[in-house]
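Once you scroll down, you'll see the structures, which are given as structure tokens.
Look for chain A in each of the two complexes below; its partner is chain B in the first and chain C in the second.
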Partner chain A sequence: MMRSSSSPNQPASGAAGDRDPAFPTVEKIDASCRGALMFLFTAALLWLALSSLFAVLGSVKMHAAGMLANVDWLTYGRVRPAAVDMFLYGFLSQAGIAAAIWILCRLGKVALVSGVTLIVGAVFWNLGVLLGVFGIFTGQSTGYEWFEFPQYAVAVLFVAYLIMGIVGLLTFAYRNERHTYVSQWFILAAFFIFPWLLSTAGLLLLVSPVRGATQAAIAYWFANGFLLLWLMPLALGIIFYMVPKVSNQLLNNHYLAVISFWSWLLTAGWSGIPVGARLPAWMPSVSTVASVLLLVPAVAMFINWRATWIKSPAKQEGGVAFKFISFAAFAFILWALAFAANFLPPVAQVVEFTLFGLAIAQLATYGVVAMAIFGAIYFIVPRIAGTEWIFGRVKGHFLFSVAGLVLIVFAWGVGGILQGTSWNNPLSDFMKSVRVAVPFIGIGTIGFLLLLIAHLLFLSNLVSVIRRCCTACCGSGKEARK
Partner chain B sequence: MNYGPILFLGIFLSFALSWAGMVFLPQKQLGHQELAKPFDAEALYPTPHSGLAEQGRQVYRAEGCAACHTQQVRPQDVPQYGLRFTVAQDYLRDEPVQFGSLRLGPDLANIGARMPDAKWHLLHLYNPRITIEKSLMPQYKYLFEKRKIRGERSANALDLPKGFEVEEGFEVVPTDRADSLVAYMKSLRSDASLFESPLPTVPETDDTNAAPASAEAATPTNTNSPEK
Partner chain C sequence: MKSDAKKSVRNDESEPKASQTAAPVFIFVVLALLLYWGALHIDQYGGGFRKEVYAPFKSVKEVAKLHPKKSGDDVFERGEKIYALACAGCHQPSGLGSPGVAPPVAGSEWVLTPGPGRALLIAYNGLTGPITVKGTEWNLAMLAMGQQLGLSDEDLAAVLTYIRGNAAWGNNASAVTVEQVKAHRPTMDSRTQPWTAEELLKIPETE
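== the complex of A and B ==
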């Protein structure tokens, strides 16, 4: 096979760039990213911690119906979407953008185009999330799942995204290494599709809403695109970068990656309409076909990653990050199977509208996307900040995250199946299905509690890194006085 | 693949396909749907909701009721939730459409027909366990005002049953938000007989062999399609 050091199936090892004097060194590239990326990561982690706090509150409210019943902004129907949106927009999107831009810099062997512009975009992005969350808490939610932020917040997010997205695209355009790699394709696809998704949903649902059930069709399309064509490609871009990088191997099969990329892009946008949706029958049917077809790129990518890391004798570099990345890879294939199954009519007959759907969404957003991003942050931050993580807390973060996720996915998955079985029993009344689900909702609450602990550990670890980084940079005077 | 423009063109085309198929086509098919004339009524369906019910829809949206309640009756749900399954036509006047994706509570597409009693809804919102034992639903006490009785008890004060009463000399009255939400609940009925989803009716002939639940039997013979 054709494999050379500049082959497109290898993420930047840094070596080639170091040799050519025209290319900036790896250290220079990382230094150019430092300020902006640390800002994005810190803000993202704050949203993550806040979101898990509200997720716990929402989950506890399921067991204590009378708790805080006099406070309208803390009612379950506001807390839950607020927690989800903080996670999706505040953490996943923000940290995903940051990690993606770093990968674009490293693979393009180019310094970040403008860190200051990126920070300006990031400030607006956080303002947008803040406004959106404020809107949900004050009862201005739009009522569309994953798109609850009111119009003004969406407008701010859109502008903020354009600023950050343009920085990303310019960084790509000015790349020194002209070969492009599959990570870059996924990231570019995400960067290009996201504003299209956001503006379509914003215009057709909020600014000048379409009529009746068409709203639902577009809301489904948006939520599906947000996961499969925005968050997932960011995560896949990270995994495709990290797997060869950490195992110190070339990507096993470049051509398989090309096929996976295009087949993913062609099918993903057609999924998302649930089997039972009250829409013309062709829409759910198309989605079923697309969801099953999505298994092709999913399996192809998983095989490719596995074949790559299995060749590695030892995971020397970034072993901590690799734990998260490989977990994300396994979660990805599991999710793809569950996702396809969920769209098969006989399965949907039982699990539709049950907790099972939430379990799959949690597996996708947390198990795949968040875990990949965690891995990326653990890999990137020491390189740009020049300080190491406290290893014990990373280990704790991993354990609590995995335990929490497994509990939630298991509990909601099983609870959902039992719920659906109960509904399909003509002799059973609705309350029976609720009583069946209650213990599983309880297990889910424990899961969210574990996730909260994990995220607080992560946040405290980042704070410690930043403190040491600042001491190293500017605190030398103080040290001298001591 | 080292050419940015080709990459972009590919991404653009594949996403444009999805946009055309899942945004443009649905809008083309459903966006100009017209009100239908049901088999069993003169007024065009869906009939407009009252202003109060429209306000209630906004309360429903703001409080995130759709987090736990769907408004879509699938064919398999018919025995539990309604006389017929719902179709796109049913949502023509809804803004926003609140399909919902999770049923921790029952479906509400037809709740107005299933439970038309406003008093029941008010008690249920104030404390769901008054009406449904072991309900998981949160209490919406903030939609009500607890106040001291001055002179006579208010006419719209809730009749709280034993075990749920408030202190002596106090009463609980619904706020405008609660009243409008209940008006909205009562307006939610998908019980017009539509061409796409006719009501199963017993045929008027004395033929006892006709299956009353069959959808075909329900379709009146004088018309095959809704009036355009």
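== the complex of A and C ==
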């Protein structure tokens, strides 16, 4: 969709002097991102498809434990963490970084500082994920949730991140538009926090492990920070960008966004220690308070988004992306409520150590973060590749993703509550509490199968975009990259 | 930004900006209410930020109640029980003894010696003949209580700790260890007769 008429000397469009003639055009900005971002998105989607395959297998093993049980690297204890980590590091983090960097370019009205450096970082990142997954399959998992990759893989990931993160930060530093927007705050916060999380957890859990209960506290801190201070801010940055962009409106309220940003940032890091954790009582109780306080920024953000998109009757042509974004927004508020409830002692008494926690994590990582990233990819790729999606497959992706997610969250949520109730009943024996969850895990497997279909549709759609881009506009693409 | 006719395809040139309207007041009210609730919650469940209070317990008091008491107290309580069973009948729960029945153990120079030896031997093998306690002469016979009840080293150490260290009686001699009792065990076991005051005085009072 390259607009052939555009050139740097084109007079600023009528939109109230929105673009300084000295700034690069959006076409130039998008072209600067093309190679690196297409590499990151393609690699991310490959990890996504692979991860959903193993997620199906992991779910099947919970109700058919004997399946493939004699192949040691396909046992449940390796398949499930491998699937989760491929999803978190291979897909969410990688695609999230790519989308975030594009938003930094667009909002800063600046071309990407170095696409080649970004690709180098991305190659190392994928190498790190590959090594980590290999480590898990060969039984070298560290045993910390969401941090199962062995030490050498974490080291590679850290270096890879530094390369990509520095490209992002330099792009921000060289921005032409000096005014910043809330998306940039969230993305920059995430970019500064992630290396802190990864290096602290790596040093204190893997390189020279701390003793006793402190290990558990740090593992909780890392997993919570990974979700609330890394993945979520990336997703929130995307949603804050996409909602006004697609609605073609001003974001409803600047000050509300300021309040949401700071209250989120100051509160989120304190959460994550479950009520029943065997740690000094003040740690889980502070966590409970922080998790409930997160409702304030969550509600503030949601009403801000809603007030913005409700003003725009037609969603322009970003409608495809907007379906995913608005789903992520609704999932976000639902998740915030469930997350806060999960940390209240009376609720935790029932649902702790059950499938319920997994349901909430799935809602957060898939319903909010992955959906926001899907939306961003659907919005960004046509712009940087100059080729449109096959809309039928996008629709299919959305339907299968939503159906799969709803099935999983419903099944694990309800199954978890029944499991916990049975568990707390002194007259019921333990095996009964296990058996009550089995049909729900079965429903979850169907959900994961739907997700696998959704992701294969997504991947095939991207392959088609790339093929058309290469045959039709490869020449002009090379030219645009100087 | 207001859209214009040119942007029918893409509104790409205009990037998101935020409108500078005032933030709604209710969000501050909600924040304040939740902070207040948070303070109450931490006060109720936080265990006063003390590292020894673990969930599901909520305060130092609650945890202390569930902890076993210190071992010194255990010995003293065990001694109190044995005293009530074996000694209090004659020497009285007050430790003051009773005229014509038994001399006092409270403030007795036979009890408050640096070492527990003399009192231990009396308690185990009994005593006969004249003896002076706190300036008063007694001439009675005491049974070999320890031997008859088959008190163990631990029992003897406990009951003597109780008698010697009973602050309520004004006694404050050192606690008796099992090792100190063991040292006297051969003497105690080979003795078949009650002791006399004369014999006991030959035993150094530090033993």
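Rule of thumb we're sticking to: the second predicted complex is superposed on the first by the 454 of 482 C-alpha atoms of A that agree within 3 Å, B and C clash if a C-alpha of one lies under 4 Å from a C-alpha of the other, contacts with A are read in each partner's own complex, and residues count from 1 in each chain.
The definition used in the following text is that a contact is a pair of C-beta atoms (placed from the backbone, for glycine too) under 8 Å apart; a residue touches a chain by one contact, two chains touch by 3 or more.
Keep in mind that what you see is a predicted model, and the values were worked out from it rather than measured.
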Of chain B and chain C, the chain that contacts the larger number of chain A residues
B
Can A:Gly276 be said to touch chain B (first), chain C (second), both, or neither?
both
Considering only the touch criterion stated at the top, classify A:Leu250 as touching first (chain B), second (chain C), both, or neither.
second
For A:Ala300, decide between first (touching chain B), second (touching chain C), both and neither.
second
With both complexes superposed on chain A, which partner does A:Ser183 reach: first (chain B), second (chain C), both or neither?
second
Scan A:Ala153 for contacts with chain B and chain C and give back first, second, both or neither.
neither
When the two structures are overlaid on chain A, which partner does A:Val292 contact: first (chain B), second (chain C), both, or neither?
second
Just chain B (first), just chain C (second), both, or neither: which does A:Ala336 touch?
neither
Looking at chain A, which of its residues have contacts with both chain B and chain C?
179, 258, 276-280, 286
In the complex, chain C touches chain A at residues 1-4, 6-7, 9-24, 27, 30-31, 34-35, 37-38, 41-42, 44-58
Contact footprint of chain B on chain A as seen in their complex
8, 61-62, 65-66, 69-72, 75-78, 80-81, 136, 139-145, 148, 172-173, 178-180, 185, 188-189, 192-193, 196, 200, 204-205, 209-219, 221, 225, 229, 258, 262, 265-266, 268-270, 272-274, 276-280, 283, 286, 349, 352-355, 357-358, 419, 423-424, 426, 430-431, 434-435, 437-438, 441
Quick check on the complex: what are the chain B residues that touch chain A?
1-2, 4, 7-8, 10-12, 14-15, 17-19, 21-23, 26-27, 29-31, 33, 61-68, 70, 72-74, 76-77, 79-80, 85-104, 106, 127-129, 132-143
Given the complex with chain C, which residues does chain A contribute to the contact?
1, 13-16, 18-19, 26, 106-107, 109, 177, 179, 181-183, 240-241, 243-245, 248, 250-259, 263, 275-282, 284-286, 288-289, 292-293, 295-296, 299-300, 303, 316-317, 345, 383
